[in-house]
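In the part that follows, the structures are each spelled out as structure tokens.
Two complexes come next, and they have one chain in common, chain A, joined by chain B in the first and chain C in the second.
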Partner chain A sequence: MHHDFIDRYSRLDSPVHSLNPRAKIAALFTLIIVCVITPPKEWWPFCIYAAVVVIIAAASRLPARYLLTRVLVVLPFILVVAIFVPFMHKGGPSFDLGLFHVSREGLIILWGVTVKALISVSCLILLSATTPFDDLMHGFERLRVPHFFTTAAAFMYRYIFVIIDEAERMGRARDSRNFHGRWLWQAGVVGRMAGTLFLRSQERAERVYDAMSSRGFDGTFPRWQDGKMMAADYVFIAMVAATAIAARLVVLWK
Partner chain B sequence: MIPLAQEIAVRVTDLSYRYPDGTEALSGVNLVVRRGESLGILGPNGAGKSTFALHLNGILSGDGHVEIMGLQVNKKNIREIRRMVGLVFQDPDDQLFSPTVREDVAFGPLNQRLEPEQVDHVVSRALRWVGMEGAEKRSPFHMSFGEKKRIALATVLSMDPEILVLDEPVSNLDPRGRRTFIELIDSLNVTKLIIAHDLAMARAICGRVVVMDGGTVVADGETSSILGDPELLERHSLM
Partner chain C sequence: MHIPDGFLDLKTWGTLYGVSGGTTAYALYKVRDRLEGKKIPLLGITAAFIFAAQMLNFPVAGGTSGHFLGAMLACVLLGPFEGFLVMVTVLMVQCFFFADGGLTALGANIFNMGIVGGLFSYYLMVLLKAPLSRWIGEKKALLSSVAVFSWVSVVLASAACAIELVISGTVPFNVTFPAMVGVHSLIGIGEAIITTVALVVVLQSRPDLVDAYRGPALSQTATAGEVA
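Right after this comes the complex of A and B.
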């Protein structure tokens, strides 16, 4: 099975891949925050943000198809939440469509939510697709994200495929005994499987912890040194952040 | 012949253990292992072998005494004990939890607070010992079962243990993987306690064998004499 869908292309060789993870985190999170706090009334700042994302994506040499499919995955979620806003929004000018009123302000909110979500998600996908997962977690740690979160994420990344494999094996063993899962009364079987899977995961967690303790683990994780920040890393942060912040300020002063 | 105190690697006296649910796992285990010895611990499923192994570095602590290289296993000595006893678990997926091989092999040495340069040195040395040099950057999950087994062994060898405790080291390996792994274990120059229910491995590596059943040691002797006693093996489900 594929067990590297999260960071399949993270070990390519490109200018973006070779940046320090901390620089990528800082630059892309700045871009996300600036984008989110830009009012959606103007459309051109979002073009600038999108252009920055496209330039980084091009420099990263990631397959465009891979990026696009990942970005578009979030679209249905946004639409389910925001598609009704133009019809429900009260006040302000509106267009009459017979049965419905379409509010102009509502349309602007829909556009704002969609474009902000797409740009933010693109940033996160670029970050995770160009950085091996372990480097990414170390980067967050160096930026003082609490150890609890990075460790939990790292364990999840490590064991999710072990657990998926286990679930698949259980499923095969179940189907081999002629289970089809088509009837409501069979739902109980699925429920019990989920319970078993949970118990097995917990037992595994205990064994993993024992194995860690056997090697002297006392609750504090040893710290790793990652690469130093180089000139290129600072230039990258400065360029991305300056472009985004400049666009935002122009909107503010106009 | 009674061995001298400084020749003893492991001394276990009257060790008993009950699981929290009340199941008795060990009842009165007595065992002495000399330094440099390779001891096979044989027994059927559920004999208490793995539970016993977890007592050797204080992961579990039952009633009785466990002494490693003259040092009592207790809270105070736990750090030193865990450096000296390298425990390799049966399932390498339990042992290998890090995103990269390097981090996993360095985990023990870093917990011992070694300096970064020293850590790099012991990591590459341990990987060389198990024939996996250059695997530092790889992810354990992407490896074959045999490779994972080797890395799991490297994660304790990097701590420079005096005693190696291996729980079912060759179970689930294919015949060639099994043979090369047995050769690898045999080449390591430390005291070894090898848990198995596989007689061929005991015959290949171990000079002495104990048989555990029902949570206690039921036979103890030279490998050839124990394995040459079909009645004993039959009685304890080993044949």
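Right after this comes the complex of A and C.
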């Protein structure tokens, strides 16, 4: 696995990249929450949310292809869970399509979950793709996320790729010995891999910790620059949040 | 099983945020004395291990595959609250950096995979293990109760997920609940096999790393590096 899978574009130079992580977290989380609590009966608020997302994406200079591939991560859940809803939903008016009844309310539910999932997942991807991991963690820490999680996640991030590579090497060794993995009882092999992987990761952790404490690690990561919130950051939060909340309020009053 | 944003309504995700947030705060309070120095790096790297182990697909039937959840394994190896916190870390990183599981659904995902599939199933496992260990010995009791309850943990977690989707009015109960629970009772078999076999491997070489194992030290002749 390429170690820069998530962070590949997080150090580009663009107006979005240079915003304070806290501003991006506040603005995009507001947009997600407002989007999720908007009733799906009206379609135009979602166009406004999507427009905000597209403007931020364009300003971020991230390759569109990269963003689109990462947005696809939600598709399996939508396909498995929600695609059947219009055919199964009872009550309310429905259209008759010969073999199937397509429920109008069911269609609205499917449209709602799909558009909300896509907009929210785009926001999360924009956040992580425009902010280096350390800065994002520091932003969360400044927003009072417990120290445990930011530190544990920092270690997790440093070692995810090492351990995934280890797992891939074990998988290759297994496959080269004619494992075909077609039946459930062959899960035992995966169990042995998981056990070995755990042992190796723990022993690596112990070595890493010893090395770190011999260099004076005291449980916290030192920070050199402490990003201050600038005028541009407040403007960004105000614009994104105000647009989203305004769209939501208009729906409420209509 | 990671629920994206938009599938749950406000009352459901709000309530589950409260429950998961409260449990997380309690877990941090419970382990606060043990969190100094060594523990955080160790738990962080264990979180990376769970994340990598979740990428190990195993076959279920007819070309479909399930993936490992790891909540029970984490609780058994590290202790219930440490295991729960590792699952929370994994779910947070999956949500914020891989967009796997939604932001508003994070509370629900922590509830399903950390509380129901982790803490709750762990304590059910302990309830079975305690009487069994007097009867068939600590090691066999641990392995057999872990086998049973890692299956239970996956099935319960999927049931919780299905019920949340139904309560939110997203999907009808009579279709989704049997489908979710049915598929996951198959996936659960894989989970049980992987968890138990992984535990056997760890018990063989480093029983000191298994928090739930209270028996005598087994043969400690080789470390994983030498075995591998």
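Basically, the second predicted complex is superposed on the first by the 216 of 254 C-alpha atoms of A that agree within 3 Å, B and C clash if a C-alpha of one lies under 4 Å from a C-alpha of the other, contacts with A are read in each partner's own complex, and residues count from 1 in each chain.
Just so we're on the same page, contacts are C-beta pairs under 8 Å (C-beta built on N, C-alpha and C of every residue); 3 or more make two chains touch, one makes a residue touch a chain.
Because the structure is a prediction, the values reported are computed rather than measured.
Student: Mind working out whether A:216 is in touch with chain B, chain C, both or neither, as first, second, both or neither?
Tutor: It touches chain B, and chain C stays clear.
Student: For A:134, decide between first (touching chain B), second (touching chain C), both and neither.
Tutor: first
Student: Scan A:207 for contacts with chain B and chain C and give back first, second, both or neither.
Tutor: first
Student: Given the touch rule stated above, what does A:66 touch, chain B (first), chain C (second), both, or neither?
Tutor: neither
Student: Using the touch definition from the top, say if A:43 reaches chain B (first), chain C (second), both or neither.
Tutor: In the superposed model, A:43 contacts neither chain B nor chain C.
Student: Counting residues of chain A touched by each partner, does chain B or chain C come out ahead?
Tutor: In the superposed model, C touches more residues of chain A.
Student: One more residue to check, A:100. First (chain B), second (chain C), both or neither?
Tutor: Touch status of A:100: no partner.
Student: Taking the contacts chain A makes with chain B in one complex and with chain C in the other, which residues are shared?
Tutor: In chain A, residues 133, 154-155, 157-159, 162, 204, 208, 212-213 are touched by chain B and also by chain C.
Student: Hey, which residues of chain A end up touching chain C in the complex?
Tutor: Chain A reaches chain C through residues 6, 29, 32-33, 35-37, 70-71, 73-74, 77-78, 81-82, 84-85, 88-90, 109, 112-117, 120-121, 123-125, 127-128, 133, 136, 140, 146, 148-149, 151-160, 162-164, 166-167, 171, 181-188, 190-206, 208-209, 212-213, 219.
Student: In the complex formed with chain B, which residues of chain A make contact?
Tutor: Residues 3-4, 132-134, 137, 154-155, 157-159, 161-162, 204, 207-208, 210-218, 222, 224-225.
Student: What residues on chain C touch chain A, complex-wise?
Tutor: 2-7, 10, 13, 28, 35-38, 40-49, 51-53, 55-56, 58-61, 68, 73, 77, 85-86, 88-90, 92-93, 95-100, 102-104, 165, 169-172, 175-176, 186, 189-190, 193-202, 205-206, 209, 223-225, 227-228
Student: Please output the residues of chain B touching chain A within their complex, sorted ascending.
Tutor: Where chain B meets chain A, its residues are 54, 57, 59, 79, 82-83, 85-87, 89, 91, 93-95, 97-100, 103, 106-108, 110-112, 116, 141-142, 155-156, 159.
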